[in-house]
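Next up: the structures, one after another.
Two complexes follow with chain A in common, the first pairing it with chain B and the second with chain C.
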Partner chain A sequence: MTAIRLRAGGRPWRPGAWAGSVIKTGGFGLVIGLIVWETLGQTLRYTFLPPASRVAGRLVDLVTSGQILPALATSLTNLALGFAISLGFGIAIGLGMGVSRRLAASLDPYVNALLTAPSLVFAPIFFSIWGLGRQSIVALIVTYSVFVVIVNTSAAVRAVSSDLHEMARSFDTSAAQTFRWVTLPAATPLIFTGIRVAAARAVKGMINGEMFIALIGLGKMIQDAQHQLDATTVIAVLSIVVAVALLLITAIDRIDMRLNGWLPRTERGT
Partner chain B sequence: MKSAASEATSLDSSGRSGAGRSFRPQSRRLSVPRADAVLYPLATLVVIAVVWEVGAVAADSLLIPTFTETVTALGALIFNPRLWEALAISNQALIVGFTIALFVGIPLGLALGRYRGLAAVANPYLTILLTVPMAGMIPLLVMSVGIGFEARVLMVFLFTVIVVIVNARAGVREVDPALIEMARSFGSGELQLWRQILLPASVPAVMVGVRLGLSHAVTGMVIVELLLVAAGIGHLILEYQAFLQPGSLYATVVVVVLEALVLISAANRLAQRAAPWLEPATR
Partner chain C sequence: MIRISGVSKTFSGRGDLLDVPALRGVNLTVGDNEFLTVLGPSGCGKTTLLRMIAGLIPPDEGSITVNDEPVTGPGPDRAMVFQAFSLLPWRNVLENVAFGLQVRGVAKAEREDRARRFVQLVGLAGFEQRLPRELSGGMQQRVGLARALAVEPTVLLMDEPFGALDEQTRRLLQEQLLRIWEETRTTVIFITHSMEEAVLLGDRVAIMRPRPGVIDDIVPVPLERPRSTNVDRVERSAEFVSITSLLWERLRDMQVELDRREDPADDGSRRGTSLAALGGKEGGE
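Now for the complex of A and B:
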C-alpha cells in the first residue's frame, strides 16, 4: 500500500541522484522560497511583507531578550490544559461510542455537527459563561480539538476487524479482556490519527482564543503587533506558533511509533 | 463519521509520516434500527435542554440565557429581516472566496500530484500552511488589503485553498499506477492520460477537498467577521454581545452552525452525484 501510494501518479523523474536527494527533503523548496521572499521584501518594501532576514532577526531578538517567554508560557499552559481535557474526554467518549450502539446513536449527530461547525462562533458563549478568564480559552481549545478525537476513536473501535473478535471469543475471553487486549491495541493507530489532527486544531484554538476572547499570551503579541502595523513581529510570532504545532505533532508521532511500532506495517497503514 | 475520517486522512496525506491510514468502518458497523436513529438523538437533546435550563437558572446570570429563552429568540430571529441581511452580506464573501479557492486550488493540487519536482518545492509550504493558524494572518491582511470586502474574501480564500490543494493532490497521487501503465502501453499521451484516467479517478478526492474546504470557508467567513471586519453575521453576534441580548446571541450562533451543516450536506449530495462510479468508501 505504502509503496503504491508514494509511487502512484509520479512520473519517473531522475535529475541526477544528488539533486534528487536535496529536492526530496524539501529543503530545496524552502531555500528557494526564502530567497524569493527576501528579494521581494527588499525591493517591494510593503508593510505586510518584511524581508525574511528582518523576521529572522526579530525572532532571535524575541527569544534572546526573553520577551517571548512569558507569553509562550501562558499560551503553552492554555494549550496543555485544553489538549489534555480534549484527550481525556475525547478518548473516553469515543471508546464509549465505539462500544455502545446506544451511546453512538445518541451522540453521533451532535458530535458530527460540532466537528464541522466553525468553532470560533462558540467563543462569545464561553465568554458569557466564564468571562475573560483562562477557562474561556481552554474551553475554546477543547471545542477545537475534542470532536475529532471522539469521531476518530469511535470509528477506530468500530473498525476493529470482526475476525479478531471472533478469534478472541473462540479463546473464551471475557468482554473486558477482549476490550483490553484486542479492541484497544487494534484501535490505537486510528485513534492516534485523530490525536494528531486534534493537536493542530488545538494550537489554532489557542491562538484564536487568545486573539478574540482574552488578550493574553502569543495571541496578544500578534494583536499588539497588528496595532503597531508591525508585520515583522506578527510573522516572527506566527513562526513560533507553527514550531509549537510541529513539535507537538512530532512528539505525538514518536509516542505513536512507540505504542504501535510492533504492528506490521500494513496494520499501521503507514 | 465519514467526514472526520476523511478529514483525518486528508490531513495525513499532506506528506506527514502517517500518510493515509485508511479504515473501513463497514467491517463491524453496528446497525441501528431506524426508529432508534431518531429517538436516541432526541433523548440527548432533551437531556441537554434540561441540563442547560437548570444550569442557566442556577447560574442566574445576565449573560447566560436559558434554553427556552434561546429557542424563543431563535424563533424571533428567523423572522427578523436583519438576520437575512446579515447572512446575505456574509455569504457574498463566502461565495466569492470559495469559488476563487476552487479555481486556484484544484488545478494547483492536480499538478502537484502529478509532477514530483513541483511537489517537492511546494510540500514544505503546504505542511506549514496546514498548521499555521490562519487567524494569525489577519494582521498581515489588514496591512495589505485593509478591512473591506477584499479582506473578507481573501480570508475565506486562505482558509479554503490549502485543504482543496492537498486533497486534489492526494487524488492524483493515489491513482492506481496500473491504470496509468495500461494507458501508456496503449500509447496514450499526457493529455489523453489526464482526460481519461487522472481526472476521472481523482474526482472523489477532489470532492472531499471541496467539502472540507466549504467547512473551512464558513470558519474563515465567521472568524474574519468576528476578529476584523464587523460585517454580516459576525457583526450581529458582536452587537448582541455588546447589548446584552444573550438569547439572540446564542440563537445567532445556532444559525451559523445550522448554515454550516446545510452547506456541507449539500456538498455531500454533490459529491455523490459527481462521482457515482466509485465506491463510497473512497470518498
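Now for the complex of A and C:
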C-alpha cells in the first residue's frame, strides 16, 4: 500500500501511531475538552457558557479587526516589566538568603508572610502611591511573582550538596569561585522551578491589575465585556491570556533545558 | 614529609548529645613518596584525620606540617579523592579534571591540555566529553583521581576512594592506582576499611582504634615493588597472607576489647554500633 505514506522518506502512516503522538503531546485531552465544551454550550445555552465555536469566531474577529493588538501590547509590556523586576530582585535576594544565614533568618518571616498573603490586598496601597498608572500594575505583578522566586532560589542554594562544597574547598577555592562554579550551577534547576511558577503568577497579577486597578490592556477588555454580559468576548480574551502564559512557560522551559540539560530526565520537575 | 604531632579533635554534641572525642593525641610521620594506608573500624576518626591534613578542619590541639609548612587550610601541595567521587555533574570529564587548574587560574587551553594528559593517565581517553552520569562508578572515581593528580600535588589524600565500588571494579582500580603511583611517586595517605587493600597498596599500614580515635599500631609491609604488574602473585604470597592475618588479629582483639569495655547493663544499642562497625569492614560506612 504505497498510497498511505507520509511525505518522502516518511514512515508508513499508522492511525495508532498518530493517535499515540496526539495523546503524548496532550492534544488528546484538549480535543476531548473542546468537544465537551462545545456540546455543553450548544445544549445548555447558558449565557455564561458560550460554545467553543462561537468563542473561536470571536477570537478571529478580535484579531482581524485589530482590536486586540494595542491591548495585548500594553499587557505584555506590563508583564515584561513586572516579571523582569521579579526575576532580578527575586534571584538576587534569594541567592543572598541562600548564602547568608543571617540574611535568611531576618527576611524569612517577611518573605513567607508575603508569599502566602493574597497579593491583591496590596492593590489599594499601590493605587494610593501611583494612582492608575502603569507603576501600580507592575508593582502588583511583582508582588504576585517575586516571593516564589525568592523562596525557591534560597532553598536551591541551601540544598546544594555539602560534598561538592567540600570538594571545592579542598582545591582551595575562593568564596567567589565556589559560588560561581559550584553553588550557582548546582542551584539552577531548582531556581527554574520557582521561575516557572512565578511566570504563571505574573500573568495572573497582570490580568488582576488591569481589571481591578487601572483599566487598561487585556484586563480592560475583559472588564468591559463583563459589564456588557458578553461572555463570549470574556472567554476569548481569557484564552489569549492563557496562551501568553503558556508561551512564557514554554520559553522558560527551553532556557531551562539549555542550562540544565545535564540533569537526567527522571530528576527533572517537568 | 608529613608530621602530625599530638593532634586531638572533639566534635561538640548538639543539644543534649554528648561531645564526641574523634581523635586523641595522634602522632604520625609520613615520609616523602610513601604510600601509607590507614585501616580501622567506622568511627575511629580516620576521615577526620585526613580532612585535618587536607586543611578542611582545624585540630583542637597539636599540629600538622606538610614539608615543614604548618597546615592552616587547604593548599596546592595537597589534593583529595573522595569516597562519593564528588564530581560536578554538569561538567564533562575534561572540565571536571581541569577544575583544580581552573581554580588556580590556569588558562583554558593549557588546563585542557594538562587535563587531557591526566584523563589519559587514568585510562579514560575518548571519554573527555562525557558527563559523570554517563559513566560507571569506577570510571567516575578515575575522573576524581585524575582531577586530584592534575594539580600535581606532593601529597594525595584518598578517603576510602574505592569503598563505594563493587569488587571487580575495586580490584581494577587498585591495580591502576599502583601503576599510577609507581609512575608519579607522590606521597599518598589512603584510608580504607579493607585489610587486603591496605596491604596490597601500602608501604605501611596504620591501624586506628575508635572512641577516641588513636593510632593503635603501624605495621610495615615489606612486599616488593612494583606490585601493579603482578597483583595476583602478590596477593597469594606467604608474606601478604601473614601480614593480612596479623592485621586481622589486631583488629579482632581490638574489637573484642571494645565490646568488653561496653557496660553490660547498657541497653545494647552501643553494642549494636560496635558490631556494625566490625561488619562495616567489607562495605561502606
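The rule is short, and it goes like this: the second predicted complex is superposed on the first by the 237 of 270 C-alpha atoms of A that agree within 3 Å, B and C clash if a C-alpha of one lies under 4 Å from a C-alpha of the other, contacts with A are read in each partner's own complex, and residues count from 1 in each chain.
Definition applied: a contact is a pair of C-beta atoms (placed from the backbone, for glycine too) under 8 Å apart; a residue touches a chain by one contact, two chains touch by 3 or more.
Just so you know, these numbers come straight off a predicted model, no measurement behind them.
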| item | value |
| --- | --- |
| Three-chain arrangement built on chain A, chain B and chain C clash or fit | fit |
| Touched partner set for A:Gly194, first chain B, second chain C, both or neither | first |
| Touched chain A residues, chain B compared with chain C | B |
| Partner chain(s) touched by A:Ala225 [first = chain B, second = chain C, both, neither] | first |
| Touched partner set for A:Ser128, first chain B, second chain C, both or neither | first |
| First (chain B), second (chain C), both or neither touched by A:Trp181 | second |
| Minimum C-alpha separation between chain B and chain C after superposing on chain A, in Å | 11 |
| Common interface positions of chain A, toward chain B and toward chain C | none |
| Residue numbers on chain A that touch chain B, as the complex places them | 1-2, 4-11, 13, 15, 23-24, 26-30, 32-33, 46-49, 101-102, 104-110, 112-125, 127-129, 147-148, 151-152, 154-156, 158-162, 165, 189-190, 192-194, 196-197, 200, 203-204, 206-208, 211-212, 222-223, 225-226, 229, 231, 234-235, 237-238, 241-242, 245-246, 249, 253, 256, 268-270 |
| Chain A contact footprint on chain C (complex, rising order) | 54, 56, 73-76, 78-80, 82, 84, 86, 88-90, 99-100, 102-103, 131, 133, 151 |
| List of chain A residues in touch with chain C within their complex | 163-164, 166-173, 177, 181-182, 185-186, 260, 262-264 |
| Interface residues, chain B side, partner chain A - complex | 1, 3-5, 7-9, 11-12, 16-25, 27-30, 32, 36-37, 40-41, 43-44, 59, 61, 63-64, 113-117, 120-125, 127-128, 130-144, 172-177, 180, 198, 215, 218-219, 221-223, 226-227, 237-238, 241, 246, 249-250, 253, 256-257, 260-261, 264 |
